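Next come two complexes built around chain A: one with chain B, the other with chain C.
This part shows the complex of A and B:
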């Protein structure tokens, strides 16, 4: 029996800074510790400021989930002020949020996740040549195509959000720009071009056909487009068994409108759907470089431990729901929304997470097209909200990477408390007071490590399958 | 020309913006200009041990470095140790790495306002004691001394912005590759003049409203946002309304104010970002190179002369009153 400890980093092709410490024995990971090695303190920067400043500052937590942060801040302020956005404003906010999430999914698949299959370690696999051709870093055909398709799709953000990232377009009362008839047809043209790209390149077939896949066999037999290449690789490497999850999923619900969410909120545990209830949510700090008690985010604080004490190892807090870890992300959203394929994949590993993202990419196109079609150019897109003087509220949204919440408390017209729990805070949390590892830490246990590997490729697949966003995590 | 790109204490948004480059896309643009990433956190295959080996070769001088790009501010806390940001897997702080690598590079480029001046990472109480590479806010001297000059003779080049426009970064790199960016091509805050010689006001679609001081009162109204909504486009450097963002956008085109994100200390305007502070009803922070009395005189004249079309449209969310068409003479 050989034992060793590996420290893996810099861990790139994830958003932000990540270090993973692995205890390896008998050719497999025995335990893992996940460290977010950056602290910035956004929650402290916000204290004492005008509540509306959260709309400028919180998007800048993250350059890849910027609109998600905007949307969460706008909803938290609306809730604190008891204000409702103009319905058509909420619809435009949902549309530009969906554009960001879809762009992130596209980027994750093509630039962050797939390049690992071009590594020389896989040179003998029958699909390796195709993987190199499509996904070699900065050279593969799929990468170029994805970069161009994303930049073109983001013209919708230039039009409706001014720029991306870091827009101020989303406000508690709606959005800052009212689209006219020509804007509406322009948005639809951009979406049509994006659909063509997805169908020709990513899926190699109609999006509706992919979205209708209901079971694992049909999924693995898809055989077309870059999605098909991934599924062939996943079958060959048994990526379903690699990095399996707990099967507990959390979704705050994506794209809220008066008529409901496009993807439903809720919890999935023990094969059962429950309504979303966050009353028993706690952020623990036992192994985080944070001081103060474990608390619900409505009462939470951010007190960094400048001494970086020995028994802690991350700037990330450890959110738990009724004492349990929860996995969040595209797979969780699709499981909670009740999609049969996602339900069939629930509890799975790398395959399940990446297939869940592809499924959502296919389904989101229809959501965006509906939102664009339903734009009523004669409507109001903003019902201006007065600055909040006192109150508290939560803004719960779904970023590409999962459930994102902002909890704000306003006193005498100033921010008196602001807590943010990001998707990767859930997924990449450190151990809690009971010693329970976070979802990634648990998923890494058992990952095979080949002799001599210092940066195990299986670990890379598992980590990247979560699509972590570390800069959101360590706001 | 090789480029090593490090992400320090920031949001990664300048990389995300860079990847929005078009005509040609970022990959073809850089390859076509002979610019090659030694390593980029979002784009390169290499992870972990492979990156250590590369950093060691650069640090030892075995691999000459043409350009060091740093995105994000540099954390100096807690208590001056820099341990609020470790370069993962290396056991060393980013502060330490940047101080070691910067003198080895032919050019150092601060990508974004965080790397340039501290930016949003240094907002409020500046929880992580973050600073820019060569500036701390407006103060010259950051984690690199005020006197720092690269081998190439230039101070840190500040491609400021929150985020930066993709073209500001690509054009800076292409000019460096061509040996066409000198000390005279930077403004007093180290920003390349090709974007810093313009004001955000230039080409703003609200210019006619500005001329008549026809002002929006709420976000979503199409009038000028200077008088009430905190817009500082008349003072902010950037060609944002000359070359658009993401196809056709800019902040003011999106219906929200310019907050001068290319400037040091923009993160602390001393008032709410989307409110204009006023003294006796008069906005403070008028255009910086215009005598105040003249501005006031012109403003009151133009307000008196404002056509109904502009005063009505200014507080509407779309054009309500159309321009009048004069019949051709004769």
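This part shows the complex of A and C:
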């Protein structure tokens, strides 16, 4: 029996900084500790500021999902002030948010996740040549196409949001830009071009056909486009068994409008759907370099432990729901929304997470097209909200990587409390007081490590299957 | 020193056609404000000069600079820059991982000693001996000093590296510190903005390659070619400012007419950047065009100037419009003083012609 300890990090092709410590024995990971080594202190900066400052400051937590942060801040402020956004404003916010999420999925698949299969270690595999041709770093055909398609799709963000990243358009009352008839046409044209790219390149077939896949066999037999290449690889390497999840999923519900969410909110536990209930949510700090008691984010604080005490190992807090870890992300959203394929994949590993993301990519196109079709240029896009004097509220949205919540408390016109729990805070959380590992830490246990491997490729696959965003994790 | 490929060779190897290459050279010449006669010069430089190696390091940041670069940019510009940085060291983009990545950094420093450009995204937090940002087991500030030692020049990408940006917002919990306060013995080119415009980023690098020298900098250390224009002066809504026509409330009648956003807190009058000319997301738009005022993200301290929706206020009355033009030369911080006077003068001139204030209706 051979035992060793590996420290893997920094991870490239991961947004932000990440370090994973692995105890390896008998050719497999026995336990893992995930460290988020970057802390900035946004929650502390927000204290004492005008509430509307959150609209400018919090998006800058993350240059990848800035619209998600902005949407969460706007909804939190609206909730604190008891204000509702103009319905068409909420629809435009949903549209630009969907554009960002879709862009992130595309980026993750093509630039972050797939390049690992071009490694020399896979040179003997029958699919290796195709993988290199499509996904070799900065040179693969798929990457070039993805970057171009994304930049073109993001014209919608330019048009409706002025700039991306760090858009300012979303406000508690709606959006600052009222689209005219020609804007609507341009948005529709951008979406049509994006659909063509997805169908020709990513899926190799109609999006509706992929979205209708209801079971695992049909999925694995897809055989077309870059998605087909991934599925062939996944079958060959048995990626379903690699990095399996707890089967507990959390979604705050994506793209809220008056008529409901495009992807429903809720919880999935023990093969059962429950309504979203966060009353028993707690952020623990037992193994985090944070002080203060474990608390619900509405009452939470951020007090960094400057001594970086020995029994802690991450700046990340450990959110738990009723004492349990929850996995969040595209797969969680699709499971909670009740899609039959996602339900069939629930509890799975790398395959399930990546397939969940592809499924959502296919389904989101229809959501964006509907939102664009429904733009009513004669409506109001903003019902201006007065600055909040006192109150508290939560802004719950779904970022590409999963459930994102902002909890704000305003007293005397100033922010008196602000807590942010990001998707990767859930997924990459450290152990809690009971010693229960976070979702990634649990998923890494059992990952095979080849003799002499210092950065095990299986660990890379598992980590990236979550699509971590470390800069959001600890803010 | 080992033979380094030329830029053009790298691009050819990645399947970029001659036609696309020439188009890139034209776009770059235009972006740099150079005439068509410079296109062959740029092309020649890229064909013959060795590629400038770039080491791109990330400190305390949000990756928005990288994102602006690789997503928003013209695909050709993106290809050019990716072809440089992917070959050397970039935290987010490089192919190697973990220890191999750290080794790649060391190799690059060694191989191109004294010749590489260090591009810094983000900044080092100095509190607690730099423990708030750890890269490869060491504080980022150590990596930064180490990588800067043998660099030819340093590019400070974005407001973080240039000024500190939002993570330095009061009370600056981690003591996030701009690059020039840590690296004091190298030329530093500040390319501020949160993030900077993609075309500005590629333009700066291409200029340095083409002319083999640093771009001319303003007093704050920003390349003059992109940061000498005040947003306000090139803003397409400027005629409305001069006419005293303002948006009073989000999505009001005046907003739909595209009136000036000064009263909504626009910082265009005190901000120097290329947003109103180059624009964003491949030239589609910029914040003011989307109905939201400029927040001045390319100016030092923009994160701690009071509310982002507070309008710029009078410090001292100037009284005549002529002073508005002089403001262009004044240091940015002092500019705010003249604005209210400027607006008052402009409004006065047109007062007979229009009814603007909603209170009057």
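List of remarks:
Note that in this section the second predicted complex is superposed on the first by the 475 of 475 C-alpha atoms of A that agree within 3 Å, B and C clash if a C-alpha of one lies under 4 Å from a C-alpha of the other, contacts with A are read in each partner's own complex, and residues count from 1 in each chain.
Keep in mind that, in the parts below, a contact is a pair of C-beta atoms (placed from the backbone, for glycine too) under 8 Å apart; a residue touches a chain by one contact, two chains touch by 3 or more.
Predicted, not measured: the structure shown is a model, and the values here were computed from it.
With the C-alpha superposition on chain A as described, chain C and chain B clash in the combined arrangement.
In the superposition on chain A, A:18 contacts chain B only, with no contact to chain C.
Looking at the shared chain after the overlay, A:165 reaches both chain B and chain C. Of the two partner chains placed around the shared chain by superposition, neither chain B nor chain C is touched by A:343. Touch criterion met: A:9 reaches chain B and chain C at once.
Of the two partner chains placed around the shared chain by superposition, neither chain B nor chain C is touched by A:216.
Touched by chain B in one complex and by chain C in the other are residues 7-13, 15-17, 19, 37-41, 44-45, 50, 52-53, 55-57, 60-64, 66, 107, 111, 115, 136-139, 144, 147-148, 150-151, 154-155, 157-166, 168-169, 171, 173-178, 304, 306, 308, 380-382, 384, 454-455, 460, 471 of chain A. Contact residues on chain B toward chain A in their complex (touch as defined above): 7, 9-17, 19-22, 25-28, 31, 37, 39-51, 75, 77-79, 83-91, 120-121, 123-125, 127-128, 130, 162-163, 218-220, 244-257, 259, 261, 267, 271-275, 317-318.
Across the complex, chain A meets chain C through its residues 7-17, 19, 37-42, 44-45, 50, 52-53, 55-57, 60-64, 66, 86, 89, 103, 107, 111, 115, 136-139, 144, 147-148, 150-151, 154-155, 157-166, 168-169, 171, 173-178, 304, 306, 308, 315, 380-384, 454-455, 460, 471.
Note for the complex: chain C touches chain A at residues 14-15, 58, 60-68, 70-75, 78-79, 82-83, 86, 90-102, 125, 127-128, 131-137, 165-167, 169-174, 176, 194-195, 249-251, 255-256, 275, 279-282, 284-292, 295, 297, 303, 307-309. Against chain B, the residues of chain A that register as touching in their complex are 7-13, 15-19, 35, 37-41, 44-50, 52-53, 55-57, 60-64, 66, 107, 111-112, 115-116, 118-119, 136-139, 143-144, 147-148, 150-152, 154-155, 157-169, 171, 173-178, 180, 304, 306, 308, 380-382, 384, 387, 454-455, 460, 471.
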